[in-house]
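Each of the next two complexes has chain A plus one other chain: chain B in the first, chain C in the second.
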Partner chain A sequence: MELAMHLQSVSKRFGTITAVEGVDLKVHRGELVGLVGPDGAGKTTLARLAAGALAPTAGRVEPESRGRVGYLTGRFSLYPELTVWENLTFFARIYGMTGPALTAEAERLLDWVGLLPFKTRLAGALSGGMRQKLALACAVIHQPPMLILDEPTTAVDPVARAAFWNLLREQSHRGCAVLVTTPYMDEAEFCHRVGLLHQGRVLAMGTAAELKARLPHRMAVLAPAAPGEKLRRAEAMALAAALPGHRWSQPLGASVRMALDASADLLAPAGYTLTQVEPSLEDAYIWLAGEEVRA
Partner chain B sequence: MTNAISLRSLTRRFGDFTAVDSVTFDVPEGSVMGLLGPNGAGKTTLIRMLLGLLTPTAGEGQVLGYDLRTKTEAIRQKAGYMSQRFSLYNDLTVEENLLFYGRVYGLRGAGLNDRKDELLGWSGLGDQRRSPAGELGGGLRQRLAFACAILHRPPLLLLDEATSGVDPVSRRKFWDLIYGLSDGGTTVLVTTHYMDEAEHCDRLGMILAGKLVALGTPDELRHAHAGGGSLDQVFVNLATQPT
Partner chain C sequence: MMQRLMALVYKELIQIRRDKRTLGMMIALPVLWLIMFGYAFSFDVQEVTVGVIDQSGTRVGGLVADAFRTYDRFAPVVLAEETVGGINNAMYRDEVQMAVVIPPGYGGEGTTGGMKVYLDGANLFAAQTGARLLQRALEPVQAQIKAELEAKTKAGAQSLTMPAPAVPQLIPELEILYNPELKSANVMIPGLLGLVVMFMTTMMTAMGIVREREYGTMEQLVVTPIRPLELMLGKILPYFLVAAVDFGLVFLAGSYLFDLHFVGNLPLFLGLSLLLVFTTLGLGLLLSTIAQNQQQAMQLAIFAILPQILVSGLIFPLSSLPKVIQYVAYALPFTHYVPIARGMFIKGQGLDLLGTEALILAGYAVVVVALASLRFRKRLA
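Now for the complex of A and B:
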């Protein structure tokens, strides 16, 4: 696969604060790569470094000249007082498109993101999900070989999020290299590869399944055996802690989610059920972040 | 069981836009209720009515036994509130922030000092007591804001998009604190657009375009609306079903 972007040991400091530290990251043509992490993990700084909008304090970003990157942020500035059509053609003209070619491409993109029926609607009157689709159309109208999106789905509802990720997949299918940051762990499933970002560092990189497989524990849920029974949290937490091979446990609504040694048997205490569950990416994240601390 | 919140057909219009559309639900004392929905669904408008900051256009509601149309002052004194954009004073220390908010709530002298020390221990911020709030990381800031919101021991706590946005480890600690209060009898109402946050609640209300479209425990919703699938799927199914 052809390499579209390569970050080599990239760090960025702002005064005494290290926002990004020693990050190595490759994005290939046709690849959809996600960077998942909470607020303050360095997502936005990394996106700006990758887009060439910030210079690294140390390390290298290649290629250096990147006039043809599409860039979109969660706080993307559409013009609310312009219509959908006017916003899109405005960006097209910035990129030097004119005449029938512009009209044809703008029509095609609006159709692609499903906004053709809303051509004459003011951007300010669009829902969050529709706004992000229009922003995506604006970001790809010059057919960039690389697309960088910083939290494009934050605060967008799940229906619109799923639709937006489908559009990103289509961009990668046409050969575009796509780098996306997100605070939603579950969105890792939409990416070819995912980097887990924690305090400015990439904890681990791989497919969602590979990252989950790095968790050396088995995950289980402890719940009252009687359906609908309210969880007695203190009692359930004490029982969980006493189970053989217990690593950690956390109340979660009407049950207790817990990690056990991989070799531990699942022995349900009287009055409870203990069921093995699939590890989540969050379980893996917490384990890997803890590894970092222990190392 | 007594209800801390009891709403009947609560409605709020802004001009010809209905932000909250005939919402009815009860929240039993000591439970954790989640309101789930995308931005703009009406969650914050609903919270503002619960706090007496907005008058309903129609419908009735009681909060801690007080009518939310007429007893707004009593409600505001007894409810704790924290939003995602919680305001801490960055140049004041952790301790000074707690003392400041304590005085705002009318606490004084030894009572305030004891409560401050109690909350420093409770929130795990003892070691940072003399650090400026502006130097705290996201998870610690969130816990400080939480401690400030419960200084006056409110029996009802409204958390508006306040539980998300921090790293998973901090978030788990935050929920430990919420469960601790709930076990002590505090009623907690949280709003969120993160489906995995919703898993923490005893009961959930799903809000779409101002309407309460589903109400139940997370398990009940999963089984009723997604064949046992994820809450994300519940949301997608409810949002795309013909009305």
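Now for the complex of A and C:
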């Protein structure tokens, strides 16, 4: 696979705060790479470094991003006083497009994101999902080989979110290298590869399945045996912690999700059920982040 | 480069057109200021109320009293009590702004007593106008007495071979050289040109750039092939155009509404005004690197502009300000533009007289623009 972007031990410090530390990251043509992590993990800084909106304190980004990446943030980043069409053609002109080629490409992109009927609407009057679709069209108008998106779906409803991810997959299918940051673990499932970001470092990198497989524990859910019974949280947490091979547990709705040693037997306490479940990416994240702290 | 710049300028102009608040400010402000500075800021009082007490009993005294009572810019008021106490009382009650006492024997042989004039200092501008108009009110009487004396002398000269006695010209003849009608509009509007330009460029530029940052579009632009210089010019040029339009608007309004004639060298004036514009555009750019949001940008701009207006000599004469404030005034660029605008507009002065001001303004333009572009680039990086 052809390498589209290479971040080489990139670090960024703001004063005494290290936002990103020694990140190595490769994105290939046609690849959709996700960076997942909670708030404060360094997602935005990393995205800005990759896009060239920020210069790294150490390390390097290759090749130089300026002018050849499409960049989109979850924050509003359009001109609200300009119409959909004016926003899009403005960015097209900035990239040197003119005449009929510009018109044709802008129409094609608006059609692609489904905003052609809203050509003359002011960007300020669009819904969150529509805004991000327009922002995406603006970001890819110059057909960049690389697309960087920073929490693009933060203010977008779930239905529009799925539609947006489909558009991103289409971009990667046409050969574009796509790097997306997101705080939503479930969105990582849309990506070819996922990096787990924790306190400015990439904890692990791989497909979602690979990352989950790195979890050396079995996951289980402890729930009251009687259907519809309300969880007595303190009691359930205490029981979970007393189970043999208990690693960690956290209340989740009407149950407690917990990690147990792989060799441990599933012994449900009286009045409760204990069911094994598939590990999620979030489970893997909690484990890897804990390992990082222990190391 | 040109295409990217044009795209930026075109985009900005659409934004200006769609933003009703900005557009309103751009048009309403110069108009409002024109009215304020042209009409309302007139320190000229049209009519002064005058009480006249004639104790002279002479013919000259009577003529003078009549002249005051009939002069068209004096409104005669009959005093309830024809004494100094009565004058005091009438002034206290705001019934009269000026009072004249013509002493006994005024104008007669061997009397030296002149008339006494009382002015209400609380009505500052009325008092100043009244004092100035005294001369003019007396002019017809002066002429009449002079004519009578000459006629008398001529009649006497037929029998006697004596030269006619010289007529004493006690009242000076006043001739105002520039702005003969002493209209405040004539003095205010040239400075207003600079004021409008300063306001538009400083405030609008600062707000325009900060808005871009608020929208998050600045970050978008930084990753495009746009270079910092193009971005800077792209933000400056539209507001330069706005300032140019407002400059023209005020210039034309001054010419047609206030009958003001520009007598200087116009290209030179435009060139020197350009120096002010560079300075104020740079100032706006500088403020945009400090302000966090549009509201702050506006506050900062007002903070930067208001003192310049107050102490520049546009409204209050510089020499009337305390020494310390005068030093502050000379440190501000606008102070050096006001004499240029006035001198060129009314008197047609050239660089031989305004060279110092022009040089200082040019210095400001260079320093402010350099500083602003440095900070602007740094802020982008």
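Assume the second predicted complex is superposed on the first by the 292 of 295 C-alpha atoms of A that agree within 3 Å, B and C clash if a C-alpha of one lies under 4 Å from a C-alpha of the other, contacts with A are read in each partner's own complex, and residues count from 1 in each chain.
In this text, a residue touches a chain if its C-beta (ideal position, glycine included) is under 8 Å from a C-beta of that chain, and two chains touch if they have at least 3 such contacts.
Treat the numbers as computed from the prediction; the structure is a model and nothing was measured.
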Which partner does A:Gly253 reach: the first (chain B), the second (chain C), both, or neither? first
For A:Gly96 in the superposed arrangement: first (chain B), second (chain C), both or neither? second
Please work out whether A:Glu107 is in contact with chain B alone, chain C alone, both, or neither, and reply first, second, both or neither. neither
One more residue to check, A:Met185. First (chain B), second (chain C), both or neither? first
Just to be sure I read the superposition right, which of the two partners does A:Gly52 touch: chain B = first, chain C = second, or both, or neither? second
Considering only touches as defined above, state whether A:Glu86 meets chain B (first), chain C (second), both or neither. second
Based on the superposed arrangement, let me know which partner A:Leu78 touches: chain B (first), chain C (second), both, or neither? second
Touching partner for A:Val159 - first (chain B), second (chain C), both, neither: first
In chain A, both chain B and chain C touch residues none
List the residues on chain C that touch chain A in their complex, please. 3-4, 6-8, 10-11, 14-15, 18-19, 215-217, 219-226, 381
In their shared complex, chain C is touched by residues of chain A numbered 48, 51-53, 55, 65-67, 69, 71, 73, 75-82, 86, 90-91, 93-96, 98, 122, 138
Which part of chain A faces chain B closely enough to touch in the complex? 37-41, 127-128, 155-160, 162, 183-186, 198, 228, 230, 233-234, 250-254, 282, 285-286, 289-290
Considering only the defined contacts, which chain B positions touch chain A in the complex? 37-41, 137-138, 164-172, 175-176, 179, 183, 193-196, 199-202, 217-219, 232, 235-236, 239-240
